[in-house]
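Reviewing the structure listed below.
Letters A, B, C and D mark the chains as written, and numbering starts fresh at 1 in each.
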Amino acid sequence: MRRSIDINVDAGESYGNWKMGNDQQVFASVTSVNLACGSHASDPVTMSASVEAAVSHGLSIGAHPGYPDLAGFGRRHLAMSGPDLFASVLFQLGALSAFTKLHRTAIRHVKAHGALYLHMMVDPATADAVASAVSSFDASLPIVILAGEGGELMRAAAQRHGLRTLREAFPDRSYLPNGQLTPRSHPDSLVLDPELVAERAVGMALHRTVDAVDGTEVPAEADTLCIHGDNQAAPEIAAAVRRALEQAGVDVGPPTHGT
Amino acid sequence: MRRSIDINVDAGESYGNWKMGNDQQVFASVTSVNLACGSHASDPVTMSASVEAAVSHGLSIGAHPGYPDLAGFGRRHLAMSGPDLFASVLFQLGALSAFTKLHRTAIRHVKAHGALYLHMMVDPATADAVASAVSSFDASLPIVILAGEGGELMRAAAQRHGLRTLREAFPDRSYLPNGQLTPRSHPDSLVLDPELVAERAVGMALHRTVDAVDGTEVPAEADTLCIHGDNQAAPEIAAAVRRALEQAGVDVGPPTHGT
Amino acid sequence: MRRSIDINVDAGESYGNWKMGNDQQVFASVTSVNLACGSHASDPVTMSASVEAAVSHGLSIGAHPGYPDLAGFGRRHLAMSGPDLFASVLFQLGALSAFTKLHRTAIRHVKAHGALYLHMMVDPATADAVASAVSSFDASLPIVILAGEGGELMRAAAQRHGLRTLREAFPDRSYLPNGQLTPRSHPDSLVLDPELVAERAVGMALHRTVDAVDGTEVPAEADTLCIHGDNQAAPEIAAAVRRALEQAGVDVGPPTHGT
Amino acid sequence: MRRSIDINVDAGESYGNWKMGNDQQVFASVTSVNLACGSHASDPVTMSASVEAAVSHGLSIGAHPGYPDLAGFGRRHLAMSGPDLFASVLFQLGALSAFTKLHRTAIRHVKAHGALYLHMMVDPATADAVASAVSSFDASLPIVILAGEGGELMRAAAQRHGLRTLREAFPDRSYLPNGQLTPRSHPDSLVLDPELVAERAVGMALHRTVDAVDGTEVPAEADTLCIHGDNQAAPEIAAAVRRALEQAGVDVGPPTHGT
């Protein structure tokens, strides 16, 4: 049976006069995109332009809500209460939806950003608030979770709220033996060599495992592979991953409806 | 022929730990409400709670977008470009719509806030950006404009974008002879006595005129009367206005679909 | 030997158009004030006006830095790195110092706000970053710590950076048996009856203990007693505390140089 | 008599995760630097690092306050009241001073940013608020004004508040015949060729005139020349300007105490 997989990238993360990422170049190689919603990054003009660019590249668009912390880029934990987080995620989805509607498309999935993504994988109240917000907004939207054991808590929360999930693996990030991502503070948290990232991506797609930092093999059945866009080499990495996957006979395309 | 008119109030203008207005008390006397959208005031939790309270009082809900300037409460001019303003208004409408959908209602009209409201009445580019944003979001939403001559520029912009308008008069604000509102910096910009506000409201509804600060009578055919909610006496004023209008035989109810 | 103690209040916590607290009324009864520095609350105009009001009441002025989180009023934990927190505290001290200089006075102590105050009492890296920032700004400024066991970690950090400390007790907050404050999420976290607060204040000043929520007596030698200003009854509570302390023969006055 | 002139650059304009400019490379060629103060750009960590870098290059440090509008990078007019602006500038100066003190240096001059710089040159109330704030903070700090006729209104405001001024010309910006800068919205507002910028800089230093966009020669006696740092070519431009000035026999050095 032929494997199929999505390649996603977080994008639309500029803010006002500050530009981030080479979105347009990365868009040429990926099949879906997670767009920041104005809380950890982005602004209304950037959101509109990013949706428009994604549409012009034929990408499937996901919302990418994060903690409302511009100064920290959503990468540091913020102890929001469940009701605060529920309302914040709903706010972000609503805001982005105005721009998908403007450009005659729609949000197709939701992927949380940064510290929120990591925290909802391990904290039941956070998992519940995020799942509840997505479900209240549109229960047909799958939510992206960590592939493997690391995503089980969030998968259960999604299921309780009637949501499907998309399992995500990170060929350009290293893993801990327990299947969680190595923290960004770790010196080896990033894999930077395009060919190595591409090789890891093919392994993830074909063998459904991830190599952890200590060399152990961690099971990780993935529906989508993430390429980090806030990286100078992102366009080259995305292209290498796409090429390697196609050469390995993997169907590369937007995420299916999840599981 | 019996007159009918709406009474509206700007509400949902708390922010985080800071509370503003006596929304619930004012809601008992008005028929529509304009809810802040998180840019000049409000936050996701406040937006959700405000929609819920409005629904429970049977009010017609409007979006109340303003300049993205929390520190200035949207009351000082911010020289946004047309594209920036267009995207900002769209962002605000989208964000609020997530909460009207959550509470099984919908946005029924749009009223700009503060300095944006005043500037769009006199500046063609601003009028165009706001009308275009509302029209892109939902061309069936009427937009609130200043009753009388002061609203003509905005009415024309609305019409160019296929929007209907609701003409608004302010019984608790004083007017200049040209039909514009007296600036808030003016010592007599506010009318504070509930009975005087009520009397002005009846005059507006029945005679379709406004008395200017210099005593001249300014024509002002209004579909809706605004009561300012950020005023300690707002509940009392709203109640006096409602009572006086009903005693004068005016039908008080949510705005019709505009003209 | 006669006891002496300071009564402090957190103030200057309005933001733009949003007002908080009855600062001027509370100022009549306290002897020192901790002024917000624009990160969890306050703005430049509020900072200037608050310093001016404090000077006119003869109060000793402290800086009240908090997490840079207006939306959360500095009351939720934000996982700032040590260098981020160090720089943020320094920024806040510098900003406030422009206004103390304008009004011909100076910052006399530093008291952290909300979640930062609580976190620095238990987290070594946070304690170190705050102490280091205060010491870099002006090593002669004492820093306020929790009286009793709860403040020991922070006292050690202060000492490492050459800072003196002022031990603080909270007659209007309840305590856990371990000497920490009961979290605000707890239904009995606040003591609201002015006479009861006053009685607790006298007990703290004379017997150097605090009654915990379970009735146990916790040792708490305090240099200063905090009255929460974001409370409708704050003026009445502050007056009751002042009166009771003076009637009990306690000298009420600004903090000494700490220990 | 030998001419002497300063070369200044606006720097420290990153924000959180968003980087701007090639500060370190430009610092090699300029003699003074204007550092953002956290309102239109920058954050506490960036402010500290920028002061440190400026010190290590032996630059004279100026404060660069702007409108409190991160989303607009301080480049759009914000209608602040005089008291709001006065307090905002003071706040910014105080905040930066904490970092100059940390790194054992001091603020040596003040240059307003973007829309505030332009507005204070033409609006008496704005000129007065800025001059008053600088004078209240430290009356020995010269304030940077537009060279030529365009700076006369601000020079008068500075003199009323006992401040000296540094006259600034912009070799990489084009001028209107009235001596004001061509608005950034104009297609020819920037001069991008390093050799042309260098040639204009030498003309400004030696002949004390500026060529306007229409070819007319505008008198502009300058104490300092600004190189824009938010430009990919800034390091090259700064180096070309420095080299050309030195080859022309001009003494390049930090601003004197102003006039």
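Assume a residue touches a chain if its C-beta (ideal position, glycine included) is under 8 Å from a C-beta of that chain, and two chains touch if they have at least 3 such contacts.
Only a predicted model underlies this, so the values are computations on that prediction, with no experimental measurement involved.
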item: C-D, A-D or B-D - pair sharing over half of the A-C contact pairs; value: B-D
item: Between A-B and B-C, the pair with more C-beta contacts; value: A-B
item: Chain A and chain B: spacing of chain centres that average the CA atoms, whole Å; value: 40
item: Multi-partner residues of chain B (at least 2 other chains); value: 43, 71-72, 84
item: Residues of chain A defined as touching chain D within the complex; value: 14-20, 41, 43, 70-73, 75, 230
item: Sites on chain A touched by chain B in the complex; value: 38, 43-45, 47-48, 83-84, 87-88, 90-99, 101-102, 136-137
item: Partner chain A, residues of chain C touching it in the complex; value: 68-69, 71-72, 76-81, 84, 115
